[in-house]
Amino acid sequence: MRAFFIGRFQPYHLGHHEVLREIFSEVDEVVIGIGSAQESHTVENPFTAGERIMMVDRAVGEIKNPGQKVYIVPLEDVYRNSLWVSHVVSMTPYFDVIYSNNPLVIRLFREAGFEVRRTRMFNRMEYHGTEIRRRMISGERWEDLVPEPVVDVIEEIDGVRRIREIANTDF
Amino acid sequence: MRAFFIGRFQPYHLGHHEVLREIFSEVDEVVIGIGSAQESHTVENPFTAGERIMMVDRAVGEIKNPGQKVYIVPLEDVYRNSLWVSHVVSMTPYFDVIYSNNPLVIRLFREAGFEVRRTRMFNRMEYHGTEIRRRMISGERWEDLVPEPVVDVIEEIDGVRRIREIANTDF
Amino acid sequence: MRAFFIGRFQPYHLGHHEVLREIFSEVDEVVIGIGSAQESHTVENPFTAGERIMMVDRAVGEIKNPGQKVYIVPLEDVYRNSLWVSHVVSMTPYFDVIYSNNPLVIRLFREAGFEVRRTRMFNRMEYHGTEIRRRMISGERWEDLVPEPVVDVIEEIDGVRRIREIANTDF
Amino acid sequence: MRAFFIGRFQPYHLGHHEVLREIFSEVDEVVIGIGSAQESHTVENPFTAGERIMMVDRAVGEIKNPGQKVYIVPLEDVYRNSLWVSHVVSMTPYFDVIYSNNPLVIRLFREAGFEVRRTRMFNRMEYHGTEIRRRMISGERWEDLVPEPVVDVIEEIDGVRRIREIANTDF
Amino acid sequence: MRAFFIGRFQPYHLGHHEVLREIFSEVDEVVIGIGSAQESHTVENPFTAGERIMMVDRAVGEIKNPGQKVYIVPLEDVYRNSLWVSHVVSMTPYFDVIYSNNPLVIRLFREAGFEVRRTRMFNRMEYHGTEIRRRMISGERWEDLVPEPVVDVIEEIDGVRRIREIANTDF
Amino acid sequence: MRAFFIGRFQPYHLGHHEVLREIFSEVDEVVIGIGSAQESHTVENPFTAGERIMMVDRAVGEIKNPGQKVYIVPLEDVYRNSLWVSHVVSMTPYFDVIYSNNPLVIRLFREAGFEVRRTRMFNRMEYHGTEIRRRMISGERWEDLVPEPVVDVIEEIDGVRRIREIANTDF
């Protein structure tokens, strides 16, 4: 069975990690969509799709069995909800079920006749992109909120410096 | 070292296969871009990006070592050559070198300061997407021109029937 | 004489109804543009253009004479004000006059040399899309604020459930 | 029962007329999509969507009963076949069946699970947009190949002069 | 040496003027990009790119020497930060250095390997587009905050009336 | 009086030069639009908009008086003829008259109510972009067909090598 899961992964954090751990306990193959792939270099979306592919790829290595399969697919926005499911379907390998907690994602896939499974929430206070980006900008400790391989990727691309420079309005 | 290679893969065939075999003999990681990802359901571009991900993924399993890594990334056209390299770079993991035989790809990456390596040609008469699609439409034998896993994918999606129906103008 | 009137119709309500009743008392033919036609499945724009065509079509049947003519035309946004009048003109049958109360619509058509007539406001407190959508989401009574045929359309498409699901952030 | 039929209508001609006459003999309501709505002022697509709405609207008046219903909806191209059915569905009132002779339209709707009915061909030599536009440009008689109300619309907009001027390369 | 400077110029004001005066004291040629060129007829972006070309052109005549050169280039948004530098480079004559105080502009050009120089701020309270547009709308005196030739352009196009009409929600 | 003239300028050649010489003999100010500004790095459109700005700017210096004024404005395609005039108008300083020999340009501006003046043709055999690009690719002498400053620009950007590399299909 193949599942679909989508996130923006700005950055990939332990909340995503726990959800994917659960999904891999139920299915053998997962297509992970990287949403808003065209976005980068903003406070809300600091990382490029390519950088996020690296984060997801390395982190997922920690939670899946060798026999399990993952496809990581960047998905540009189409800006029309009525076309979005067709867009996802055309860009990804066939999947049988969607895992999501996003009301719009759930609604759109259900309207299109897909099976959707609700995912659990894990420590939503801290495991949340907004909180992690806030800490990066303010210079607080964020490294405990993401898997270790993601810390490595962000260091390799000097990501904290990027988000701090973009956030800078001090002049 | 990580390399970038791009094709439309309509479908993935033995020409691609031999080029990638050579690339994997030289580098450890390859980013394979699926060009014109937004195209499908035409005689020139019958297969969706998702279907082409399946073809590439299964075929590459035949030629790379377990220790080697492949990233498969669908790339929508941006319709502006001057933006294309930036588009590719933003959508893919960082790479050190490009392998290509396409004059425009070579020129654009070289103008942007990248190292580009020319690839060899393998039986260009037969190992060519146009020829394979022509055979699919006319009912000739095409299966010998693609790796076996690609035959499987095209059968699973009933791909020959799709291209023949679209090509049909006989009424 | 042919008039042009535009609205988003999310949903069509009694405010639109009264304005159109006035317009039909002055002209014989009306082109009704459905604005932001590409939008759907959001709290602000829950209904598709096709669903809104149904609402407008059935409601207008209540207020026009058999000899009067209506054209209902979905209009996608062009995201450039300086092109918008040309866009509308190209997508619609020729018209002689615009009815509107929207400052931007008035300004753009006047700059382009068209005659624009101000419309009256009817009970703007209640006859307003925002208020009606708020009631749908909160489970209050909204059916008195739209013409009866619009209630029918929204029921046929199970529209209240859609907006409530999309608005749901309770998890 | 509601049917969907699409054409570019450059211009609406007797071939379209006979097909629609057949459709109206089988169903009560027809949604007529005006394809490539964004195109105009070229030799292939001389008329705007608004002008084509006029042609279709007046011509259809000749062939449907008073109790039958027609919706005329301009449809801009989306340039991605995999999104096209979702685009059409979002822009139009719900329909039960598609009438078409276009292989791509047939394939795309069938892949999406719709019922498609093949339409008959009527004097395809003469009742064809290309032939009619050729006659307009060369100054030959084209008026017998379209319904009379379409002749009126083309005269009102001085349409023959437009296509001849655009086609002019004699300088 | 040739420099690049970008602004939205809604409208061109004395803050831009002082920065450009400094730039012209350091380099011989300046490419001035008119950002968000596609925007017009909103409270935030009232003037078209063409109108802003006029403002910049006439104002710059006051501060550059006859031997110095200016290129004024409207730049439409590309809505993807990762493509923006390539977009600017393709649309403009070659330049050696960028002058800017915008964190995103600085970051994007530096990431692309360009030299960027910080500009000084001049009376940021008053010399600011938002403040000037606010005064235009409220009927206060704004003419002292822009160079005299800009007052002339805005009068020629009746620009204050435009922004006031668009801002009007009083009905 | 201000005139508008548009070309693709791939490259700017003596045909353009003679037409502009005539225009400058009739009017004081000319807005020169650089058409298909987004195109570059193809055999049909080898040069970027920025490179073409350089060609036009330097060449026009040869034919206008010091008291005459030129505005050079890159214009991206909008892919919809019905919006094109509004696009041009929004991106350029106001103009009173259009000079053109292109049937579509003439038709679109006349339909919008503008005065259009036909330009003469000068040695259309040789002074033609297609012929000049053909000579560049084949290694023949092209330098006599463009003004001298254009030769300089093309040498500075190593333009002949670019078009030859892109045209290369010899492998």
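As written, the chain order gives the labels A, B, C, D, E and F, with residue 1 at the start of each chain.
As a convention for this text, a residue touches a chain if its C-beta (ideal position, glycine included) is under 8 Å from a C-beta of that chain, and two chains touch if they have at least 3 such contacts.
Keep in mind the model is a prediction, meaning the values are calculated, not measured.
Q: Using the contact definition given at the top, which chains are in touch with both subunit A and subunit D?
A: B, C
Q: Tell me, which chains sit next to both subunit A and subunit F?
A: B, C, D, E
Q: Any chance you could check whether A-B or A-E wins on number of contacting C-beta pairs?
A: A-B
Q: Subunit C and subunit A are one sequence twice: same or different residues at the contact, by the over-half rule?
A: different
Q: With a Cα-based fit, what is the angle in degrees between subunit C and its identical partner subunit D, given to the nearest 5?
A: 180
Q: In angstrom, rounded to a whole number, how far apart do the mean CA points of subunit C and subunit E lie?
A: Centre separation, subunit C to subunit E: 37 Å.
Q: Hey, how far is the Cα centre of subunit B from the one of subunit E, in Å?
A: Taking the average C-alpha coordinate of subunit B and of subunit E, the gap between them is 44 Å.
Q: Which whole number of Å gives the spacing of the CA centres of subunit D and subunit E?
A: Measuring from centre to centre gives 47 Å for this pair.
Q: If you look at subunit C, which of its residues touch at least two other chains?
A: 38, 40, 48, 80, 82, 89-90
Q: Examine which chains touch each other and state the graph shape they make (line, ring, star, complete, other).
A: other
Q: Between which chains is there touch?
A: A-B, A-C, A-D, A-E, B-D, B-E, B-F, C-D, C-E, C-F, D-F, E-F
Q: Contact residues on subunit D for subunit B in the complex?
A: 79-82, 101, 103-104, 106-108, 111, 118, 121
Q: What residues of subunit B sit close enough to touch subunit A in their complex?
A: The contact residues of subunit B facing subunit A are 37-38, 40, 48-51, 53-54, 57, 71-74, 76, 89-94.
Q: Which residues of subunit A touch subunit E in the complex?
A: 38-42, 48, 162, 165-169, 171
Q: Can you list the subunit B residues touching subunit E in their complex?
A: 78, 80, 82-83, 85-87, 89-90
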